[in-house]
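Same chain, two partners: chain A is paired with chain B first, then with chain C.
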Partner chain A sequence: MSPPTRWEMFWRTVIGRAYPRIIGAQRERSWLFFETLLPLLQVSAFVFIYRAIQAPPEFTGFVVLGGAMTAYWLNVLWSMAAQFYWEKETGNLELYIIAPTSLMAILLGMAVGGIVFSTVRAAAVITVGLLIFRVDIAIVSVPQLLGVFLLTLVALYGLGMLFSSLFLLYGRQAWHLSELLQEPVYLVSGFYFPVRALGFVAALGASVIPITMGLDAMRQLLFPTMMAQFHFLDVRIELGVLAVLSVAFLWLAKRVLRYVEDLSRREGRLTVRGQ
Partner chain B sequence: MSTELAIKTEQLSRVYRMKKREARAGAREIIALAAVDLEIPRGELFGLLGPNGAGKTTLIKILTTLLAPTGGHAWVAGVDVAQNPWEVRRHINMVSGGESSGYGLLTVEENLWMFAQFYGIDGKTARRRIQELLEIVGLADRAKTKIYHLSTGMRQKMNFVRGFLTDPGILFLDEPTLGLDVQTSRTLRAFIKDWVSKRPDKTVLLTTHYMYEADELCNRVAIINDGCILACDTPGNLKRRLRREVIYRLRVTAIVDPENLFQPLRGIQRFSHAKVDGQTELHFILKDENALAPILMAIQHSQGELISLEKRDPTLEDVFISLVGRGLVEDEGSAGSTEGEPG
Partner chain C sequence: MTRQRAMESIRSLKVAAWLGWQIESNWTDPFLFVVYSIVKPIAGALILVLMYTVIAQGGLQHPLFPQIFVGNAFYIYVAMVFIGVSQAVVEDREHYAMLKYLYVAPLNIYAYLLGRGGAQTIVATVAVLIMLFFGIIVLGIPMLPATIDWGMLFAAWLFGLTGLAFQGILLGGIALITARHSFLVGEAVAGAFYLLCGAVFPIDVLPRPLQILAQALPITYWLEALRRALLGNGASQLLSSLSSPVLLLALAGSMILLAVLSIGFYRWAENLAREKGLIDMQTMY
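Up next is the complex of A and B:
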């Protein structure tokens, strides 16, 4: 039997590591309650505020879309960035490292599994949200919408890969980074309102989180009339920025991962538990 | 480096530098490995024997590319572990004692398949090997069980299968039977022996602090303590070093302060003691038979009662005691015991 090529090993690793996430979600059905109904409560709170102040009905759509995208953000923070911390604690990390595969393939596998899992959650939130709150959408361009959505995910999970390399080195200390980012990003990325409300400079700064422009562009493509007055940048520009962020984060993640792996090996931190 | 050598180290060292706030005055460095030289030919089952903290796991971590050395060199399968860790990984796998790897929601079979994917093994080959190996370790009936339902022993059997599944050229077994019951340990030792005997080109580096495990399995054994290799030879040759000495094992009712009791006596080359089931077990390496009588008298004077006395052939433990001046903690019952050395 001939040894596998690097390419074969890479893709087998991606599939292998994605498997537990996809299968695990099917075997632990409790997520249906925790991951779908609970986020809807938060969405509902914002919907009722907008209704109480008689905001245009499109704002309900903004909130439902933002609520759906929280699935990805939480997944990136806690199941991508923080994942190596858990893997280290359970002893999986050292097995990943001594395997002849690439850590990027492991991370990509986690990302693919996480995207599949989070998409089910996001789809459930959107479907239930649209049905309960009767949101009307008018899609401007399906290809553009798909393009924005996919690029947002690529850039977002690229950022998650970048964060995860920090966890290789810092372990529990990096935990605070995730905690620090979770709630503020809901605010600065405009999960429940158009990000332009923050002002141009703040919105531009927040755009380093890919979900900021992703949400803005998707809202423009789903609710064109209302977003005409609230949009941040033109959809094509946002698509371009998302493409740049995707490439930049993936490239950086690869470089940083290699650097941090070497540094952790030198400092003896790869297998230190309870850090 | 000769390609016939599976593993070679030259002056291999690892020093941990502690941060100022973590270090006591004058103790800012911990030497985990001190200039270790080893040569392990291809096809050998090599044992590394030493107490906890001796440097065994540090050495394995360096050889498996998990830790960088701070001095010296190490080659695995002819490849420098510091220069080219990625190439080393194509030749190795590792199983550690008390390992809790894998994902609880997946079955035994699925976990093993997943790890096989990281080595690029195609699905059909992986499934065939998994089935064969699970049969051998007696876990085939649990193939469809989620691993959070497995006992510690079953889990370790699965870990063994994971390590051997990739058919590595060089396998590192780090305390592989740690904490397992007698039957499971025996099954796994038999498995290792069988695997090596059928594959003469494979090399196994086994670390253990169980003397009988090293004695039973290994072609050669290195005794390591405080990061230094003290002796390296076949178990038979190591034991022959003590052929002139007389070795006794005594079990007595609990004795207070054995060091003070036996230290003044002549003719004792080394001794160690451990508390076992509320009694004291004493190992003596004596110059000759004449040294025994004063020991028995000392026990009597200390109000101790002799329960059993056994004269026996040297074991690896005696070799260890003769080299290090203290015994190895063999089981939980003796954990926390103190060992001493007469002057």
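Up next is the complex of A and C:
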């Protein structure tokens, strides 16, 4: 039997790393309950704020969509960015390093598993949110909506892959970094309000986080009438920016991963725990 | 004997508060810790600011905004003290694997848990104060020292905060006998309270069944009393028929009730945990 080619090895690794995430999620179904309930509670609170100030009903839809997207952001922070740090603490990282495969494949497998895991939660939040709050949506273009959604995920998980190497450098501060990147990112990316409210320059700066433009574009494609006065940029421009971010983050992730690996090997602290 | 027990409780409280403070703050330098402690609540408050700016007629001058801002600021205590006390059980059992040693050490575990919450209270108090100053200076929220009812503010703050700590102990009891969902239970309860107690909107906008639940929560009365003390009036029409002394009385009563309930429930949970060998449980979750 001939040994697997490099590409076969790469894809086997992707599937192998994605597998425990997808199967693990099926084995602990109570997580689905909690991870749907917690964002829904937050979403409901924000919906009632808008109701208290007599906001148009579309704003309920903005909040539900933003609440659903928190599933992906939290997954990127806790299960991508901080993951190599956890792996180091549990002793898996050294196994990853000596395994005859690519670390990028391992990260990609984590991302694929994370996307499946988070999509179930996001779908549950959207379904329950739309049903409870009776949100009317009018999809402008299904292909564009799918394109925006998929590009947002590619760029977002590319950012997660980049973060995983960077967080490894920060040692035990990884936990706090992930904590710190929750509410501030909900703010600057406009999870619960149209991002244009931040002002053009601030919104442009926040666009380095792919969810910012992803959310704005999705809102434009789902609530066109209301977003006519609140949109940030044209959907086609946002699609282009998301495509650029996707390529840039994946390329950067590969470079930084190589740098961190070389640095850690040189300094001999890749597997040092408790830092 | 009683004096010896009291001394043991005070010692447990002090040592636990010091330990809690070290756990909270020693991972970084003081400057970064302060930044970390205030960035999250300020970001949360700014989300509300922008929601109001986008929609509400009059933006931040909307009459509801100061009420919501104050409610959101004081809710930091709920998130930190309430969850902090209960998660001390989970952290000591699962993460540090120390709970079993605490149980064989000569300390009062109940006072120890309250002490761990004490450290969170200090951090939360700094964050709340910064939020309130931010509201007054940057957002122009009308809270003048001359118009604040300081007596009511202090009484409401104390009763509510003590009640929160006892609720944290109740949740700690649940955490003690829960295998794997202790973290999530705390967050779920805090999330439910955030929705029900009217921290960021008047409870009047909730559907009727949720209004009834809201009126059963001490935190609802706590936030209403704090708003009246700081701003001169509350947010809810439903609670407007209650005079301020009645609100304080309700808070004091709920604090005593929660103290009794939490002691009883925690003892029951503790006995169950001992019987089932859960004190040194490691679920690797």
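Throughout what follows, the second predicted complex is superposed on the first by the 273 of 275 C-alpha atoms of A that agree within 3 Å, B and C clash if a C-alpha of one lies under 4 Å from a C-alpha of the other, contacts with A are read in each partner's own complex, and residues count from 1 in each chain.
Quick note on the criterion: contacts are C-beta pairs under 8 Å (C-beta built on N, C-alpha and C of every residue); 3 or more make two chains touch, one makes a residue touch a chain.
Since this is a predicted model, take the numbers as computed values, not measurements.
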**Prompt:** Which of the two partners, first being chain B and second being chain C, lies in contact with A:Gln182: first, second, both, or neither?
**Reply:** second
**Message:** Quick one: is A:Leu38 in contact with chain B, with chain C, with both, or with neither? Answer first, second, both or neither.
**Reply:** second
**Request:** Report for A:Thr119: first if it touches chain B alone, second if chain C alone, otherwise both or neither.
**Result:** neither
**Message:** By the touch definition at the top of the document, which applies to A:Pro194: first (chain B), second (chain C), both, or neither?
**Reply:** second
**Prompt:** In the superposed arrangement, does A:Ala52 touch chain B (first), chain C (second), both or neither?
**Reply:** second
**Request:** In the overlay, answer first, second, both or neither for which of chain B and chain C A:Gln144 touches.
**Result:** neither
**Message:** Going by the contact rule set out at the top, does A:Ser30 touch chain B (first), chain C (second), both, or neither?
**Reply:** second
**Item:** chain C contact footprint on chain A (complex, rising order)
**Value:** 30-31, 34, 37-38, 41-42, 44-46, 48-56, 59, 172-173, 176, 179-180, 182-184, 186-187, 191-194, 197-198, 230
**Complete:** The residues of chain A that touch chain B in their complex are 1, 3-5, 8-9, 12-13, 15-17, 19-20, 23-24, 27-28, 90-92, 94-101, 106, 262, 265-266, 268, 270-271
**Item:** Interfacial residue positions of chain C with respect to chain A in the complex
**Value:** 27-28, 36, 39-41, 43-44, 46-48, 50-56, 62, 64, 68, 181, 184, 187-188, 191-192, 194-195, 199-202, 205-206
**Message:** So in the complex, the part of chain B that touches chain A is made up of which residues?
**Reply:** 14, 16, 61, 64-68, 85-86, 89-90, 92-94, 96, 99-103, 105-106, 110, 113-122, 125, 146, 162
